[in-house]
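Heads up, the next two complexes both have subunit A, just with different partners, subunit B and then subunit C.
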Partner chain A sequence: MDYILHLAITMSIWGILTLSLNYVAGFTGIISLSHATFYGIGAYSTAILTVKYGFSFLLSVAIGMFLAAVIAYIVSIPLLKLQEDAFILVSFGFAIIGYHVLLNWQSITNGALGIKGIKAPVIFGFSFSGKPLFLCLVLVALICTYFILHRIVKSPYGTIMKNIRENSIVASVNGHDVTAYKRSVYTVGALFAALAGSLMATFLMFIEPKSFELMISVFILIALILGGMGNLKGSILGAVFIILIPEILRFVGFPNTIIGEMQQITYGLILVLLMILRPQGLLGEYKI
Partner chain B sequence: MLQVRDLDLHIGGLKILNHLTFDVPDQSITGLIGPNGAGKSMFFNTLFGLFQVNGGSIRFNDVELVGKKPHEISHLGIIRTFQDARLLPQITVLENLLAATRYAEPTTLSRVFFHKKALYQEYLSHVKRAQSLLKRVGLESKIHAMGKDLSYGQTKLIEILKLFMADNQVILLDEPFSGLFPEMIKIITELILELVKSGRTIMLVEHNMKLISEVCNHVIVMDAGTTIASGTFSQIRSKSAVAEAYLGD
Partner chain C sequence: MQIILNGIIIGGIYALIALGFNLIYSSVRFYHMLYGILAVLGVYFLRFFQMTFHWPFALMVFLASFLIGLIGMASWQWFYRPLAITKKASSLVMLVLSFGALIVVQNLIALVWKNNTYSISITETIKSGYQFFGLSITFNQLVILITTFISVILLELFLGRTKWGMAIRAIGDNPELTTTIGLKTNQIILIVFFIGSFMSSISASLIALEIGVRPTYGLMLVMKAIIASIIGGIGSIRGAMFGGLLLGITENMGIYFFGAQWQEVTAFTLLTIFLLFRPQGLFQKYQLAK
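Up next, the complex of A and B:
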C-alpha cells in the first residue's frame, strides 16, 4: 500500500509538472527544455526557507512560485526574441546554468550534498505527514492546477495562445501582441512548475541538484508528448506513464546495475516510436 | 487615406522597394498589379512591419506606420491575408475565425478570471457571428473541422470570413482568387464587394486582369519596386508601356 501511495503522489506531482509544460509548449508552442530549472527553484525555495529559516510551508511555496515567476519573466525577455529552434537550444543552455547554480552555490544550496531534513507540510496547524494525507494535499494541488489552466485554455485567451502556436505572424497580424502573450505563458508555466517542486521537496524530505538537471526537463517533455500536447488530460496520462515505466522495468528483471540506462533507453525508444506512429501522443490535439 | 511616400526596402543589396509612392483612396478597391517580383507582396509585408525599411513613410489617417509592430498596425485598423492561404491547421474553423476577432477590452488573464461573465458574453456574440458567416457560405457543417482538413477553396473562403470577424477598416488581400474555380471566385468577389459597401478600403494584389478591371476603382502598377502608373483600369490600360508589359495588349 505504501508503495502504491508513493507512486500515486509522484504521479500527481509529475501531473502538475507536465500540465505546466503543456500550457507552455502544448498550447503556445514554446518548446522549452528549461522546465526542470523552475521545478528546482520551487523545490530549493521551500527547502531552504523551511529548513534554514523556519518559514511556514505555505509561505515558502508562495515565495518559491513568485521567485520562479520573476526569474522566468526576466529570462523570457531575451529568450523569447529567438525563433523556435534557437529558443530550444538557449532554453537547453539555461537548464545547464540552472543546474550548475544549484550545484555550485554551496552557501545557499549545500551543493552536491543537497538539503535534507525537509519537514512535511503543515497548513494552519494541520500536518500532512503521512502518505495518505500527503496524497490528499497533492491531489488538491493537481486539481487546482488543472482547473486554473483549463479555464485559461478554454477562454478566448486560450484561443489566442493556440493561434500563436500555429503561426505567430498570423497572430500578430490578427492584432495580438505575441511577445507579451508568450512572456505571460512562460511565466505562468514556471509558477506551476515551482509548485510541483515545492511539493516534491516536502515529499522526499531531501533534494539535490541532480533532481533538477537537464534530463529531468527532457523527461517532462517526453511525458507531455506521450500524453499528448494541447490536451490537459493527456498531461496527467503522460505523467502516469512516465512514472510507471521504470516501475514496470523493475519487474522485468533487469539487473540493478543497468536499470537506470534501460529506463533512459526505453524513454528514448518510446519517443522515437511516438514520433513515427502517433506524433500527437495518446490524447493529443497538436503535432509538433 | 493610406499614403505611401518614397518607401525604400533593400535586402542584401537588392532594391526590393524603390521610392515607392502612391495613395489609396478610402472606401475603394485599389488593385496592385505588376509582374512577379515587382514587390507587391513585399509591400504588404513591409506595411505590416515584417521588414525594417531603409527610408520613406507609410501613413494611415495621419499616423506613421513605419516602425510599428504588426499588432500595433492591426490595432490601427489594418488587416491582411497571405498569398499562401494561412489557415491555422491544428485548430478548428471556429477557432480560426475567433482568433481574428477583437475584444472590447484586451484579453488578459485578469479578465479570464475576474470578468469571466462579460468576456463570455462577448465570446458568445463572436461565436454567433462566426456561425452565421459560415452558414451564409454553406460551411456551417465545417465549424468544428480542423483547418488542415479543409480544401484549398474552403481555406481561401475562411480567410475572407476572417476579415468580417476582424472588422478592420483597411484590408490588404494578397491574391485571394489564385487557384480557385469560377464559382468560388464569384462567391469571394461578392464578399469583397460587400466589405467595400460597408465602408472598408481594400488593396488587392491580383494577376487576373479581368477581375481587376471588374472590381477595382483604382489601379496601381508596380515594377522593380516602384510605381510606374496609377489611375482607373482604362487609364492605366491606355498607357502603352503598361499595356505591353502587363496586360498583354
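Up next, the complex of A and C:
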C-alpha cells in the first residue's frame, strides 16, 4: 500500500511537470529541454527557505515559483531568438548551466551533499505529514494545474498559442507579437515546473543536484511526447507511463545494478520508436 | 600564455569535432546527435584493440576510426534515411530520433564497459614534456596539436581540390540543384557521414589522451561541437575551426579565473553572448535565428 501511494504521489508530481511542459511545447511549439532547471529552482527554493530560514511552506512555494518565472523570463530573451531545433539544444545548454550552479554554488545549495531534513508541508496550521494526506495535497495541486492550464488553452490566448505553433509567420501577420507570447508562455510553464519541484522537495525530504540533472529534462520530454503533445490528458498518461516503466523493469527481474541503464535504454527506444511510428504520441494532437 | 596554449590545444580538438559535425549538418540539415556517442565508441574500440593486440598506436587509431566511419555510414543508410528521405520527416523529428538513439547507445556502452572514466596512452611510460619559449607542453599535447593540424589541412585540401570535395560542398549549398546536375546525392552523403564519423573518432581519441572518456561524454562532445558550430556560423567549415578554437581558449580562461567546476558554464555563457549579439555566428552561412 505504501508502495502504491509512493508511486501515485510521484506520478502526480510528474503529471504537473509534464502538463507544464505540454503547455510550453505541445501548445506553443517551444520544445524546451530546460524544464528540470525550473523544477530544481522550485525544489531548492522550498528546501532552502524552509530549512535554513524557517519560512512557511506556502510562502516558500510562492517565492520559488516567482523566482523560476523571473529566471525563465530573463533566459527566454536570448533563447527564443532561435529556430526550433537550435532552440532545443541551446535550452539544453541552459539546463547544463542550471545543474552546475546547483552543484557548485555551495554556500547556498550545499553542493553535491544536498539539503536534508525538509519538513512536511504545513498549510494554515494543518500538517500534511504521512503519505495519504500528502497524496491529497499533490492531487489538489495537479487538478488545479490541469484546470488552470485547461482554461488558458481554451481561451482566446490559447488559440493564439496554437496559431503560433502551427505557423508563427501567420500569427505575426495577424498582428500578434509572437515573441512576447512565447516569452509569457515559457514563463508560465516554468512557474508550474517550480510548483512540482517544491512538492517533490517536501515529499522526498531530501534533495540533491542529481535529482535535477540533464536527463530529467529529457525524461519529461519523453513523457510528453509519449502521452501526446497538445493534449492535457495525454500528459498525465505519459507521466504515469514514465514512472511505471522502471517499476515494470524491476518486476521483470533485472538486477538493481543495471536497472538505471536498462531504464534509460527503454526510454531511448521509446523515443526512437515514437519518432518512426507515431510522432504524435498516444493521444497527441500535434505532430512535431 | 600557458593558458592560451592549453586553450589552443583543447580548442583544436573541439575544432576537429565541430568540423565533422558541420560537414554532416550542412549536407543533411539536421542535428546528428548520435555523432558524439559514436566518437566515444571509437575510443572504446581503440582501447579494446590496445588491450588485445599490440600494433602501432597510429594504426589502431586509424582502424577504430575506420570502423566508426562505417557505423556512421550505416546509421545514415538504415537509420536516418528511411525517415529523412522516404518519409520526409522534419529536422525536429530527426533531432529527437537521433537523441533517442544517443541515449540507447550511451547506455549500451555503459552496460558493456561500465561507467568509468578510461584514458588511453600512446606508450607504456610517461614521456617528459618539452619547453618552448617558457611554455611547457607534454608529449601527448604535441601529438594532439600535430594531428589536429594535419587533419584540418587534409580536410581542407580534400574539400577544396578534389571532385568529391566539390560535390560535398555543392550538396551543402543546394541539395536539389546537386541532384539535377546528375550527382548521386546518397553516395555523397554516405561519404560525408564516413568522413565526419572518422574525424569524430580521431578527435575523441585525442580527448581520451588528454582527459579520458566515459559514456556520458558523448553528449558533452556533441554539445561542444554544436556550440563551436553556432559560434562559428553553422555549416561553415572555417567557422567551425575558429569557433572551436575560440571555445577552447575561452573555456581555459574560465578554468583559470573561476575554477574547473565552471567550465561548462563558461562555454554556454559564451554561446549565450553570441546568440544575443551575433546569432549568425562569425562566418554566416545559414540563418539560425530570426
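Convention: the second predicted complex is superposed on the first by the 288 of 288 C-alpha atoms of A that agree within 3 Å, B and C clash if a C-alpha of one lies under 4 Å from a C-alpha of the other, contacts with A are read in each partner's own complex, and residues count from 1 in each chain.
We adopt the following convention: contacts are C-beta pairs under 8 Å (C-beta built on N, C-alpha and C of every residue); 3 or more make two chains touch, one makes a residue touch a chain.
Because the structure is a prediction, the values reported are computed rather than measured.
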item: Side-by-side fit of subunit B and subunit C on subunit A, or clash; value: fit
item: Partner chain(s) touched by A:I288 [first = subunit B, second = subunit C, both, neither]; value: second
item: Partner chain(s) touched by A:N174 [first = subunit B, second = subunit C, both, neither]; value: first
item: Touching partner for A:Y267 - first (subunit B), second (subunit C), both, neither; value: second
item: For subunit A as apex, the angle formed with subunit B and subunit C - C-alpha centres, to the nearest 10 degrees; value: 80
item: Touched partner set for A:P132, first subunit B, second subunit C, both or neither; value: neither
item: Subunit B versus subunit C as contact partner of A:A86, first or second or both or neither; value: second
item: Partner contacting more residues of subunit A (subunit B vs subunit C); value: C
item: Minimum Cα separation, subunit C to subunit B, after superposition on A (Å); value: 9
item: Touching both subunit B and subunit C, residues of subunit A; value: none
item: Contact set on subunit A toward subunit C in their complex; value: 31, 77-79, 81-86, 88-90, 92-94, 96-97, 100-101, 103-104, 214, 218, 225, 258, 261-262, 264-265, 267-272, 275-276, 279, 288
item: Subunit B-touching residues of subunit A, taken from the complex the two chains share; value: 151-152, 155-157, 159-160, 162-163, 165-167, 169-178, 184, 188, 230, 285-287
item: Residues of subunit C touching subunit A in the complex; value: 30-31, 82-83, 89-93, 95-97, 99-104, 106-108, 110-111, 219, 223, 226-227, 230, 261-262, 264-265, 268-269, 271-272, 275-276, 279, 288-290
item: Touch list for subunit B against partner subunit A, complex; value: 48, 50, 69-71, 74-75, 79-80, 82, 86, 88-91, 95, 98-100, 102-103, 107-109, 111-113, 116, 119, 122-123, 147, 166
